[in-house]
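Several structures are given next for inspection.
Presented sequentially are two complexes of chain A, the first with chain B as partner and the second with chain C.
Right, the complex of A and B next:
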């Protein structure tokens, strides 16, 4: 498994099969040429006083004044409420490009989480009230962090058989797996008529307390890795 | 060293002797080079992983009990990743020749014309 990371995985389709070679055309491409730089929406980057900047940061800022910059996508803002984890989760929840629906489901989920926590808060005694977390964003982040696997399994072909070899995962893969497991669990394992915000809020709260099916899936992965730890030498990276 | 001569080596009508060479492909330079034989590394971070798994076995796979071991494992993994990146950058930069992928791209742009 090559560890080279591709930032953009472009899908190629077979268009014409000629006599000598297979012709591949790109299906998804960008209208920007390579010299375009990514936009910087972080306000703190621009608010830093000139004295605090290092040489390379000064150079970067000078460069940004003259070089071409891509337009920021509609979902990316410089608002204080912007959260990259939540944006990523909304994108993963989105189906068929319906971002409006995905975003509304997300806000309804966070509201549901907040309502449940407030009900618990008002029903609890004074010393329990201190332990109940009511901010839905912290609950969301903590739940996803609890669901992240520490180690992953990769099928490696050796002697005609595929063995599941334990392998350390990069951070973005861990975050992706946590979100993917959460969404799969909510979409497939629940009753058909329950709405997504209800299912998701329930799962997020369970994951926040280190219980529930997503945490169980993470533990199953860890147990398989632990069982196959002798195969770790099949790795070559 | 110059290319060895092809005079009288191939089976042709004008050649009276037995052929020395019987090539199964045309003797023309291709527009690609073969891949470099990459040496297979060994698995990294085995010790950290085994320490972490021992901790898991003792504490029933709870993550909060094994924070330190897990952090060590992550640090080792990121160090190994960084080392691998440095090695690949250095390898492709030095030793005189271009890496095969770049050479193939160059040859695609300036190919050897075997036709007229």
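Right, the complex of A and C next:
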């Protein structure tokens, strides 16, 4: 029940009273009741001719005619260039609701990545040119994938002390951590006069080649988890 | 055939507002008729590779083809610098070893690492060639393009082509015809101007190019009272940087042209009659206080001597509406100055009058850098105001509009060939339709969209 779990936070550390109970508190509310379905913005879905649809898809389309559908958020479009990872990153970069600024920073970052790669491409020899990746989107996705930790640490309360216990992370938590580390690195560890697109493009390119401070942070997390592996049995899920 | 007939109508309509709204001095009456009669034979073709036509043969330039400017020409022809986003796309890494002062050119063929041999010689990016204040301030697409692609390619479009054909057939005995490029933001006025400048430079015209007149009326430091006329103000920084780029661009003419009067700079220094114009420029460069006066003298001499036929003069000014607009410069008592109180603006206004012959004047309007003009204004009437319009009347208005479907297709093809459009969906029909929708075929917008895709 993933739809439920992301809105509820489990108080994992309270194990004193009943070790196996999970107390659920609602963190994010939604104005929509459960029968509302998510909007489908993919143009290809609607363009499929009737003959090609399977029974399941026909049934779903019938249901969509009568069921209630949520309103699509403003940032979700039917554009062919839309990318959910990029949208999520833009949201994380956004401050004070200034989506226009966040989005323009993102586009400038992608442009900067592209120009740097083109410079390298033109400077390289013919054999190296084949290895140089110039698509900013593949670089972005690959960089974030390289930054995702495999295992994470969670503080668990035992006998009055908090222990950092190594724990497998769900996919969304890994993606979140990768983006968070990337943004924190750019915002805090760089010189304040450098612009975000410049900093971010540099970090993304380094992460793409498995180098740089964000990758180091991921490795540090892995090493800590390895060091604390004796505490792994504190985890009960 | 039908295309040609329908296009005659907008061209006729273009001339009407420019000519009859204000009772200004009427130019050659036959001009309007003459231009309408000449129907340029267009052969729109979607070319696959950027063509390497020599600009000297204007008839060989096809519409909807990319015309590549040889990189070794960039520093001399565009000494002031290219529009910012255009020049950024030409390679700087390649240019690392080249010394500008020696003016050496690299043999394009001898660069084995370049993919296509021709037109890939090293040249500094437009930004490095000129000194900073004169680099065009607008973030147009093309400067970036020259740096990244290692080539300067312009799409040959109808307004520029028409202008080139008219310039080809100029009658140098008649007063200088003024052409005004106007259009909405991002449609390509500055680049059309650059195209015309390159064409004329290749034909050995003397080009007086002011890359952005707006820079002369705002944010100027070091204003001085002019020694020549106490009512006017000098701008030493802007004047000296303009003189430097003018010298780079027109080196060969400076020794040929001799001045016709003696000019006293101060009690000790003077330039006698008969000395080459280069000495006046040197004086302006060495003594920065006299730079503005040197600019005035240069313009005056060129104007008076162009009638003699020794050279052909092209006056190209971008953002010409700045000359008749408002300034944000203040006098000592903190009151705003009028543009005519600036000596540079005064001399440039005299230059764009049509009381000389032996050349042409090509002007481009611009709202982007202008002061106190509404954002959506683009017509000559709105941007120049009554004073400016009367001063420039009569002129030939040249409308620069958004891309036609063929031009749009050609532009997308160029980006795809250079692998600039990296997004996999951009190669599909859906992607192209979306680009067309998002940019509305506006060249500036399209370039910005494609930059991050």
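Odds and ends about this structure:
Convention: the second predicted complex is superposed on the first by the 193 of 237 C-alpha atoms of A that agree within 3 Å, B and C clash if a C-alpha of one lies under 4 Å from a C-alpha of the other, contacts with A are read in each partner's own complex, and residues count from 1 in each chain.
The rule we apply is simple: a contact is a pair of C-beta atoms (placed from the backbone, for glycine too) under 8 Å apart; a residue touches a chain by one contact, two chains touch by 3 or more.
Being a predicted model, the structure only gives us computed values, none of them experimental.
Overlaying the two complexes via chain A leaves chain B and chain C side by side, clear of any clash.
Looking at the shared chain after the overlay, A:72 reaches neither chain B nor chain C. In the superposed model, A:63 lies in contact with neither chain B nor chain C. When the shared chain is aligned, chain B comes close enough to touch A:222, but chain C does not. Once chain A of one complex is fitted onto chain A of the other, the partner contacts of A:195 are absent, as it touches neither chain B nor chain C.
Within the superposed three-chain model, A:27 lies out of touch with both chain B and chain C [touch as defined at top].
Contacts of A:115 after superposition on the shared chain: chain C is touched, whereas chain B is not. By the touch criterion stated above, A:53 is placed in contact with neither chain B nor chain C.
Of all Cα pairs spanning chain B and chain C in the superposition, the closest are 26 Å apart. Touching of chain A by both chain B and chain C, each in its own complex, is seen for no residue at all. The touching residues of chain A, when paired with chain B in their complex, are 3, 146, 150-151, 166, 168-170, 219, 222-223, 225-226, 229, 232-237. Taken together, the chain A residues at the contact with chain C in this complex read 43, 79-81, 107-108, 110-111, 114-115, 118-119, 122-126, 134-137.
Listed in rising order, the residues of chain B touching chain A in the complex are 40-46, 49-50, 52-53, 56-57, 61, 63, 70, 73-74, 76-77, 80-81, 84.
Residues 88, 91-94, 113-114, 144, 147-150, 419, 422-426, 428, 430-431, 434, 451-453 of chain C are the ones touching chain A in the complex.
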